[in-house]
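Single-structure report; data block below.
Per-chain residue numbering starts at 1, and chain names A, B, C, D and E are given in the order in which the chains are listed.
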């Protein structure tokens, strides 16, 4: 079967410094895939390259079989990728609700609406008219996730989803993931907590210094395999 | 007293019209456009030049003004797309320098093309017509028109900014351009659109300014300061605030003028600084949608 | 006598009471963990202690003296060092210069002394290899390390840490805890806000839980973690 | 750990120092042998330079982008004139005294200016300058809006006047470069850079942000006042429109941006370029100004770091290094500053 | 032959540019007239005129004057056009000990604006123009010729001219009250004011029927438009500066009709150039033919400055600055603006006065929209008046 999203030999640079050295990656519809790796391994860069925030070579990224490498972020997003960026990055002069509405700016049809996001994160309903910067770190993370969902993407890319969230919220978010994929969304999570990553995902990629050092079904990888892949020992 | 208030409101209307375009660009792009006044003058000269070509009559004036507005939109759009977009960012300096440069270019280009002679638009007596509202109170028809246009433009912009998806995009792009692109917006186009709209207002202000007084190539900076004061008094991102800021500035200057003509503008500046000291964020910062 | 003592400290934004009459004492040498749901007011509490925010009511004492009216830099010089939840590096300066600045001004050292102590701190926090890079080009985690490094360089007596373990792998978190232990061994008092509970449990002497700007629980770690209210509100376990 | 090694200079930088000293020594003898037009030209460009240098200190290092420095330039000129014409000061002595007076005046002014940030600060300072212009324009003792003449110089022989003005300008330039350089190399320089990057963080690292900014603001005002006093000492006539013209700041910005903001070499290069351009093209009038405007635009858009910044990036030039590079202890584990 | 340089500073650009508009043409004409050079102290020199633009800025004016003196080493400097240009140039010459002849500034702002000492005068700088007493005489002559209530409103801006005209001692107030006019002076305003309703309100309250002043063109338009809007219709409007130039009047549209202003030079002045032997009429015609523009008043004075320079140089013993200066001081010459003689026809030895009459802009009969006709010549009868002053 044709994969939904794939990369082949994906390289990425910051100025003259190379951050990714040929990543091969496939994603099938309806999967949850985790990407793990040490600090600075290139996980965020990988997600940025998928969404066009970092320039990718033309043929290196395919979505629905179509080449999307090197397109502008706006073009890529309109085709159905959405990113929950590292560090939340909400629109600071917009209210919570307006932030969520911005997520729908690409006007893709689908099941996610304001109402459903508020159901997922009831804490936001009370604060819907508040300016985004006045929210606590965790509340902001919820808005960032909700905003990405509002675009009804086919593929949801989450960078450090649980960063700064209280355990109760992490639990809720990860409990929500299967519901999200059940409706046909495909999810890639970048996660530092290996146990969580193994638990929530079906397959797993481990990056090390810009290269894939390990890949496989999450449940079958051993601790040793993973820690070797992490540090290259 | 009544006369003072009436004149203050009329003057305030003029300042509002000067300021609205600036308010939009400042609000959306955080762009400190120091060439704003010069663009107003440029638009005025464009109208003057247009009338030189087609000859002057009421009909010609209307035609030229109507033609100028879309032209200004296109000009603003292109200017943003190809020049100003390169200067945006957290640091206010690049935009400051580029617009300073543009101001110098415009002033000297106009000087070269039109010489330093003051120009104006013939209104066929409309500029001198007035309505008598009581024994001692007469208000000019043209200032009244300016005021009405200013209020209408304020209302339209405020609606656009806070109640439409376009307005939301404006603000989103101004907050975080990269992430706005992740939402599927083309930031460059959004900016260009905003500047285009701002330039329609600039053109309007320019034509009306040339109708009510003369314009000459070096008039820009003074207009700029008044516009900025109105914007900042009102608070960034709020157009009703800009209107109120324009009114307050008009009132302050009028009061100052009547105390002593030499201190009128000075008094306006002082009120401006006082507002800043008391409320650095302006009187009506950022209304929410 | 307590090193830091908050007396009925309150702060609100409009109608929202973010900190609602919190009283808290931290003993010299103690390591206090702070927990609480997102938006409970933990970071706000730090901002009040470090002086970034002004109190609406209450009083803060540090080392026996009232610091309520002091500016942030004065509190820093008095020995209150802090890190920010959202890292705030001096992006156009190198990592080394970032830390030297902290040592010079927060630590009150001469420039030469500052070079030496900056090196030590960088080595300790594992940033030495990045010393000459611009702080703005660091990854999120390195920025967090830099936050810690800078706070340490100010030679604090009281160290306020806001979520520095978020996003660390287990291994890295272990390293961090080991490092904090070393810091504690030097006699530095620490207050640590953290959602990575197991890291916190590994070092905290006492836990303080905030919910809606009020104290929910306060006591030895085990007791607090088994408090049914805490379990329900924070950990999401049935009580 | 062994002794910490920190690299702060280079051979080029020590060579600069030598060449610089030699140049200054040579320049000091100019009145003995050169044509008086050279001195005149130097004085003029020195004023522009000192002003630009101070603007660079304020905006490039202090992060305070002001369009209102002409306030202090003009006040410097007027203070010098008032001291000379009314208080019977020796006009040459009046120059530094006027600058000092301006720096003192900057303290209360900062109280208003510091309530603003970013673009607001820029425009706010401009308005403050306008307030000074309009205020002075209403003081009839100094000629109101039409301005007045520095009469204190009448009667001093031309040659004496020219040499003294020249030496004064030369000392101002040297003091300005040396002062700024030493300041930036000191630990106060670190604080300044930190404040520019992030005020909140700077404050929490123990830096007294407000006091530091105030000091920079006052020093910049002193420099601007010095430039103004010097300029009108050479120009002899002052009027509010000339003294408080926004063009002063515009030219300073052009110079700094063309040369490269936030580096000491920037205003030096900028001033040289500006001088060369005005020398060869200023007779073209409008076209000259138009070209200057375009140049500023092009440099900002395509050489964001300015000419010197470009050189520094591509060839690693640095005449006045203020950075601190940690030199790797034996094992060489430190990644290079700018990844290749 | 060696070259001798004459410096010329005027506002070519900026808001005051109309004052320098004719200079390029005049200098071209001078090149032709002086192509055979001048003989100074028995030695023949080629003449080169170096034109510098003050850009309407006093700063720039000072700078270029210094350039002319120090770099170009000019033998003398000519300058014209408002105190904003002529004063800084004169000051620079005075300090650098270079002879200078200036014009197109009433002598009070030029002399007192530079803090001149009536007892000593100046060493190096000489001025040729009329004074405020002449404007006042002409304006009041005109006003007396029409029936009014003699209530005058004054518009004096805060610049070199405005301060001199409005000065309590030297300016309008004293003589007006002596002649039985009441002057309402609301105070100095900034050039570029957007709003005159304060002045208008005051004028209306005082029942003013005559408006006078010395304003820049844009302000004149703003004032006139607002006066009309607010129902203020004075019978006579006599303004200096704003109404000198055809371009400015055209910009006023219908409001320009019937405005009065001082006339310092016109084609009907009965004078002839000592250099080109052209009459005033011939000079103006040559200008109109050469530039396709309507004549302006500064043409005559720009031309006359060169007449004075040529005459002084020819009489000078050498090119030494003192010799040239002495030759200037000894001038007695019939020029296209009338007789010039320092130490004779002026209040101080540095000032020589020229005649002044009053003119009114009326709808043009020929190719131009408005024409300036002389409506009162009581101050200088040799200049013919062609019409009587008509109230607006």
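Note that in this section a residue touches a chain if its C-beta (ideal position, glycine included) is under 8 Å from a C-beta of that chain, and two chains touch if they have at least 3 such contacts.
Note that the coordinates shown come from a computational prediction; the quantities given were computed from them, not determined experimentally.
If you take subunit D and subunit E together, the chains in touch with both are B.
Taking the CA centroid of subunit D as reference, the farthest chain centroid is that of A. In terms of C-beta pairs in contact, C-D outnumbers the other of C-D and A-B. Subunit A and subunit E have Cα centroids separated by 76 Å.
With centres set at the average Cα position, the gap from subunit B to subunit D is 33 Å. Note: centroid distance subunit B to subunit C, computed from Cα atoms, is 48 Å. Shared contact sites, meaning residues of subunit D that touch two or more other chains, fall at 134, 137-138, 286, 339.
Among all residues of subunit E, those that touch two or more other chains are 13, 158, 188, 190. Multi-chain contact residues, meaning those touching two or more other chains, occur in subunit B at positions 108, 111, 262, 265.
Of all residues in subunit A, those touching subunit B in their complex are 51-53, 72-74, 77-78, 82-83, 85, 89-95, 98, 101-103, 105-107, 129, 131, 147, 151.
Taken together, the subunit B residues at the contact with subunit D in this complex read 26, 30, 32, 34, 83, 86-87, 92-94, 96-98, 100-105, 107-109, 111-112, 221, 225, 228-229, 232, 262-263, 265-266, 269-270, 272-273, 276-277, 280. Listing the residues of subunit C that touch subunit A in their complex gives 13, 36-40, 43, 85-86, 137, 139-142, 163, 166-172, 195, 197, 233-236. Residue ranges on subunit D touching subunit C, taken from their complex, read 1, 4, 6, 186-187, 190-191, 193-194, 196-198, 200-210, 323-326, 333-339.
Interface residues of subunit D facing subunit B in the complex, by the touch rule stated above, are 59, 65, 67, 112, 115-116, 118-120, 122-124, 126-128, 130-131, 134-135, 137-138, 246, 250, 253-254, 257, 261, 286-287, 289-290, 292-297, 300-301, 304.
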